[in-house]
Amino acid sequence: MSARARGGDRSTASLSHRLAERGVDKSLLLLLPAILFAVLLFIYPFAYGVGLTLQPTESTVERYGGGALANYVAFFSDSFFRDSVWITMRLALPAALFNVLAAIPVAFKLRPRFRGKRFLQTLLVLPITLGTVLTAQGLLIFAGRQGWLNQFLTSTGIVDEPVAFVMNYTGVFLSLVISGFPFSFLLISSYLSGIDPSLEAAATTLGAGWFERFRRIVLPLLAPGLATTFILTFVLAFSVFPSARLVGDAGGETRVMALMAYRSFGEQIDYPMASTIAVLMGVVEIVVIALVLLWRSTLYKGSTGGKG
Amino acid sequence: APDSGGGGGGGETGGAAEGEVPETPSEPVTLNIMDVAGNIKLTEGMVNAFVEENPDVISSVTWEAGGAPDLVGAVKPQVDSGNLQIDLVLTGTDGLSAGIDQDLWIPLVDEYGDRVSNQENYIEPAAAMQELAEGYGVLVTYYPSGPLLQYNPDAVEDVPSTPEELLQWASEHPGEFGYARPANSGPGRTFLQGLPYMLGDTDPLDPVDGWDNTWEYLRELNQYIDNYPTGTGQVITNIADGTWNLIPTTTGWDIEPRAEGRQPATIEAAAFDEFTWVTDAHYAVVPQGQSEDKLSAILLLLQDMLTPEQNAKAYDSGYFYPGPAVEGATLDLAPEESQQVIEEFGRDWYDDLIESNEKAVPLPAAELVEAFDIWDREIGAGKYEG
Amino acid sequence: MATTEAPESTSNATEPVPSRGVRRIVATPSTWLVWFLAAAFFVFLIGILISVIVDSFARGWFSTWLPPEWTTEWYSAAWRRFDLTHVLGVTLGVALTVVVISILIGLPAAYLLARRDFPGKRLVSLLFLLPIIIPPVTYGIPLATVMYNLGLGRTLTAVVLVNLVPSVPFVILTMTPFIEQINPSIENAARMCGASLRNVFLRILAPLLVPGILAAGILVLVRTVGMFELTFLVSGPRTDTLVVAIYRAMTQAGGAEARQLISAMAFIYTATMLTLLIIALRYINPTQLVARVRDTRDD
Amino acid sequence: MAIAAGAFETLELNGVGRSFGGQVALADLDLTVRAGEFIALLGPSGCGKSTALNCLAGLLPLTHGTITIDGERIDTLPSERRGFGMVFQNYALFPHLTVERNVAFGLQMRKVPKAEMKRRVAEAIALVKLEEHAKKLPGQLSGGQQQRVAIARAIVLEPRLVLMDEPLSNLDAKLRLEMRMEIRRIHQSLGLTTIHVTHDQEEALSMADRLVVLRAGRVQQVGTPEELHNNPVNWHVADFMGYRNITDVTVTSVAGDRIVVESPDLTITATAVEGVHEGETARLAIRPEDLRVLAPGEDPEGGNAVEAEVSVVEYHGREFSVGTVTRSGATWHVRSEHAPLAGDAVTLTVDPARALVFRRDLSDVDGEERQLEEARR
Amino acid sequence: MAIAAGAFETLELNGVGRSFGGQVALADLDLTVRAGEFIALLGPSGCGKSTALNCLAGLLPLTHGTITIDGERIDTLPSERRGFGMVFQNYALFPHLTVERNVAFGLQMRKVPKAEMKRRVAEAIALVKLEEHAKKLPGQLSGGQQQRVAIARAIVLEPRLVLMDEPLSNLDAKLRLEMRMEIRRIHQSLGLTTIHVTHDQEEALSMADRLVVLRAGRVQQVGTPEELHNNPVNWHVADFMGYRNITDVTVTSVAGDRIVVESPDLTITATAVEGVHEGETARLAIRPEDLRVLAPGEDPEGGNAVEAEVSVVEYHGREFSVGTVTRSGATWHVRSEHAPLAGDAVTLTVDPARALVFRRDLSDVDGEERQLEEARR
């Protein structure tokens, strides 16, 4: 056979091979339109928005000090702003958690094929057609003090006084569940369908009852998918805006960051502050996402088929 | 497309344009009118009438509606880029002064006041409101607003006639009185601005240092209020469906919802024994960079809108009762339907009350924003203890 | 381990065994919870929908079970006041254009991200992820300024462009797993048959990706029709989409429009979406709207 | 390691059947399994092997019949309480658990004390020779190693019955051979009762004490490897047991078992397995290894001679597999010690005892299933 | 059907290599393929067979070496312009196109006129006997039928070279046998140059003109089936070619090829394949079919006798595969015509010409690869 030198000798492979080896060839041009798009229409305006946060209005500087960072100083030193972080979290975290946790058993139950499954799935997709406005409007009418729900509850004697479902934390929470639950249900269903049913069958033959199968096999394999679902519903819940205003208590319990940004923007006419709040919304979201991802990175994430 | 004529950047228009605005446009113009004050109902008829009469001046108009907070977002990019899509803005005091702050408006009155000479016919409180425009806007409609009270006669027997009685009533009926967040509501802000007069505060025009009684009062009232909706609509719904039984209102907000069927006609209104009207008005403003032709047409239009015949259309369905801003614009000049609605849903005692009680201009924009800020922090957020 | 349970009969070999019931009993507590959750959810869902529909046809409905009087006048009022024919035309036109363009731009990018490794891939992925997780408020206003500076303010072009900002990444995100699902050797087979990259795309990938494209398309459509923040900042009276029109109606200064009018508009919105969705669901599985799903085997 | 031999005497399946919405996947399976037996379920893809196994395991509810152990019904027990072990076709290892914890899973479910658990897991892992890999995740193992984990996981429970669903089908030729021995060795050393599903006749023959041949949901034949290999009861079983040369012939004379059959190409004396009568069209089946190339001048066995032409020659190590074609185009596969050339004319012969004749119609298979069968060929 | 035989004289691979981020998957492959040849690439899983094939097809960029056809470099051509056909392991049929349109796809890409296309597609489909299924989608076909579509799709283009990547590995035993013949028949009838990847030595032996045995990315041996079967060049090839009995021994005497080796259990006269010297530890390899059970009183061949005890007996149709264990615990696999009983003591013997001795170390494989190799066993 050949006596050719090996190892460092790369001259025999052509340049195009060597570039292609690194993943560089002309098919990369396929990415170009999307990248151009993202840079021009997203990165540039986004950077501009961030720049704006460093140009506080005179009155902000006067009131809070801090020079170019006055907006940030204001946000963190003034509890009126600062609290909105907690208020938003208090809403978004439980809502996202609820959506994920409630979706697990439902997805689990609806997994096998049965008559009417598609119909049920379709019903579950329905809320994406509702839109936030109709949801808010509907909640106000249906679950308001004089709505059908309260009329039913009081006339059947289940409660004495109408229950306050809307214009408060509960109202926003309900609207987040109505729009977010179907989404996490569908997402979790799809992750669940990726788990090879023979794993559960195997656990069954080894003597595991339904709970043990769920706890020891399905749940650990589902966990990374749950993390992803949580992130996506959390993002949706975190930037909640119309419902916080329409069915919430916009000044109090549901004075979320998006409302604060809008308040600065539209009512206080303080664009730098509005940008600051918006940017901080992004930061808080990313911190939460990063934490979840960090947790997710400790989980088993390989194939969920029967063959390792 | 940049069809808005020769007008370039904002700076060019100022003084330089003054002499160049022709009496009439060189050719008929089309106008895009933005309404951020709910003014369209009041003035649409006036504008349409003018267009019909003067097709050589204005060939057509388009309307768009929005909220005052959206105004700057929509207009500023246009002014900055010299690319006007909105030719005329109808706004309340908030949009007006936000635009003044951002340098968005042509100083219409200062520079072309002589061509809107009908401004001389303003009734007195309207003239006072016109002062707030600082020479930028032309007042087109006016109303004395409130604060008044609206109540469900089935549930409220002894109607409060003073703020103290109101507080008393609210404490006896917790959760049955409420008002909307002032920043989002006309009746809300009218109630807020009317209190200092009734409670004898030191300076009704200084919410920071002069409203001690008012803030104290609102804090106490706050204990008996469930929540503050972010719009008057929800307040109307609340009293209509019996959730609440007593709310603050204004003349317009009392008449129109009943006329439209959004409230039962049986809802009653009442006034405090002693109060000062906190008046309100709508203004027409023109964004910087407007072309001479369009400006010329707009001036002709505004002049016409301030004639009694036209201005009387502002009676509408009681939405801004009474509405007109000029002398002589009496109800009998208003359209037939308008007269019928007022007949049926108006309150005969309103006109006397308007005649007899003091009238004050609302807070200037900066102070109003400050009042809102304080309200948000001290009252609104008070519901939530972080 | 010996068998403990004594069967009722030991020798009737041919009789069908009622074994179905046997495994169900074990799952009872979870089944209970699931049905409760699902029922509560549907009560709210249906309640909300029906009450808005009733409200939109009601006159003088305050605190009774049903309205005393029915009317269609809110619909005609909405139609008149907001020129809904035009608004609906704009809405659908914008949404469909956004769908087509975002797929044309997003699909090739998704293909590359699904199939290839190249320097800077992580950075590019991040670039496509950000517009989805950063709230639109953050970049919406400067983006609108850019649009106005380009002389595109309040044009349909601008409305389409701003909606593409979250849509293109969204297509990339949803399409990537669909592409990963297609066996790469099918592409290789096509290349071995002499197909160029273009032909591989048009004749092999595109037809195979139809369910994915439909799913991504319907989601982009739904998101675009529902996108308020960005559209609102660059649209004008002739280019408002339905949500923006509704929002304007709700937040208009001088007090919102009547609740019933909003109900009517909200229902028009839902009916529009529902029509689109039902059309789409003829072609795809509902669960595919959110992610790719292998249909479960139940053996 | 003290894994107890089967805790039962006999396991009986009585008329076990399973349909999927009207489609019969398994019908009327009667089978008695004695403790310690190694039974292979054999048949082509889709014939109902997995269905049978899953019914036995309790993973699929029966639609007909009963399963009893020493007379007690067990088909009403949930599968986690039947005490069987199962090795799945795709191994179904828990991907998030190490080898050790995979094996320990069943013991944990049974709440076996820690110390005993540790000992038994270690024993099972040693039995399948995976001591070095005990801490790895399944994804880090090769196919053969995963296979062995699956076996260890099933047998650590000392099950009364081990069920294996085509456990070797994913392995490469060499590994398959090794694993066969391994399974057989474990079976023998522990005396486990085993039911093993496969579609590979060689595998079944080499491993099992008894074979059950299934086709389209129905049992065709049950017997020892020798019985099946030498005396298939119908042409279908013959086809599956390696009688590659199958052709339609006309019966011309019958004398007890010994009959003469004809086709355009040949006249052959053969053995009738099923009763056929003169004039009937029947099916002739011959193994390639029973068909010899006649040396020049040699007498054909029993007068059986077929003229053919060599078309394909395959080298199989020591011997050659030769494809020949007769005048009418029928293909006959033959074994040969030397390599003929393609195109050579050859004469083939076969011992009449090894040329089997069957009825052509398989009366027990109905129309739809036959269609299925046809489609699969 | 006029598919032109290879439009080249020779295809040459010169030092072709491919690494994945430092890990060598294929190293220094030199091979000359002559037109019309059927070459099998053989080796265990992960040895680089697919890598070699994909490099040849242009689906993977090379990291070393060149590929030329009649002296012209083709490794810089994109795969769609090399004019090769490929049959993929999983068939890779276009699931949305009918059989007909799958086959026509390549011709469409080449803009072959309609009429000619129709004719050629029909011919190719006829060649693989799928006329009845032409209008079906791949999903409606059985595995074997899909396989044939894949072949038709590759050959309809009259490619200069057909590449096949384990095309039979997904089929069941019976079908695999049939498809082997089919591929061989098509190869012969069209005279196509073919490179066929497999890990099944029997398949490779039976189909190919020449075999290339790969291991851990390196060529071990190239030769005809007979050469590989009878004269493997190292113990690894021997292992892979069916020398199942491999054990370490000490060389005690050398006399040319004929040497004597020892281990605790045995002393055997054998044949040295690689040069070994006295005292060296070497590796002895014997096929099961070359190891016989000595009949009582019979003389061992060449004096070679090994005492062992029967441990496992597998039935393989006509004969038995017997596992025996020597005193020291080594396992010897033997073929036997009759079935011994487990526990029987037997004496095994082997012809010295068939007991091969190799060097123990495979000098050309470096540490890391050896580890990989170990892990896989």
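Note that the chains are named A, B, C, D and E in the order they appear, and that numbering of residues resets to 1 at the start of each chain.
Rule of thumb we're sticking to: a residue touches a chain if its C-beta (ideal position, glycine included) is under 8 Å from a C-beta of that chain, and two chains touch if they have at least 3 such contacts.
None of the values given here were measured: they were computed from a predicted structure.
Participant: By mean C-alpha coordinates, which chain is most distant from chain E?
Facilitator: Farthest by centroid: B.
Participant: Which chain pair racks up the highest number of C-beta contacts?
Facilitator: Per-pair contact counts point to A-C as the maximum.
Participant: Per the centroid of Cα atoms for each chain, what is the distance between chain B and chain D, given in Å?
Facilitator: 89
Participant: On a C-alpha centroid basis, what's the spacing between chain C and chain E, in Å?
Facilitator: Taking the average C-alpha coordinate of chain C and of chain E, the gap between them is 52 Å.
Participant: Can you work out the whole-Å distance between the CA centroids of chain A and chain B?
Facilitator: 40
Participant: Which residues does chain B have that touch at least 2 chains other than itself?
Facilitator: If we look for residues of chain B contacting two or more partner chains, we find 67-68, 70, 73, 237, 241-242.
Participant: Would you give the residues of chain A that are in contact with at least 2 other chains, written as numbers and ranges?
Facilitator: 146, 209, 246, 262, 265
Participant: Using the touch definition from the top, which residues of chain D touch two or more other chains?
Facilitator: Where chain D meets two or more other chains at a single residue, that happens at 54, 59, 78, 83, 143.
Participant: Can you check the complex and tell me which residues of chain C touch chain E?
Facilitator: 183, 185-186, 188-196, 199, 203-204, 207-208
Participant: Touching chain C in the complex: which residues of chain A?
Facilitator: Counting only chain A, the residues touching chain C are 22-24, 27-28, 30-31, 33-35, 37-39, 41-46, 48-49, 52, 102, 105-106, 108-109, 111-113, 118, 121-135, 137-139, 141-143, 146-149, 151, 174, 177-178, 181, 183, 186-187, 189-191, 193-194, 197, 209-210, 235, 238-239, 241-242, 246, 258, 261-262, 265, 271, 274-275, 278-279, 281-282, 285-286, 289.
Participant: Considering the complex alone, what residue numbers of chain C touch chain A?
Facilitator: These residues of chain C touch chain A: 26-27, 30-31, 33-34, 37-38, 41-42, 44-45, 47-52, 55, 62-63, 65, 105-106, 108-109, 111-113, 116-119, 121, 124, 127-128, 130-143, 145-146, 161-162, 164-165, 168-169, 172, 197, 222, 226, 228-229, 243, 246-247, 250, 259, 262-263, 265-267, 269-270, 273-274, 276-277, 281, 285-287, 289-299.
Participant: Please name which positions on chain A make contact with chain D in the complex.
Facilitator: 196, 198-199, 201-209, 212, 216-217, 220-221, 300, 302-308
Participant: Which residues of chain E touch chain C in the complex?
Facilitator: 57-59, 78-81, 83-86, 88-90, 92-96, 105-106, 109-110, 150, 153-154, 157, 163
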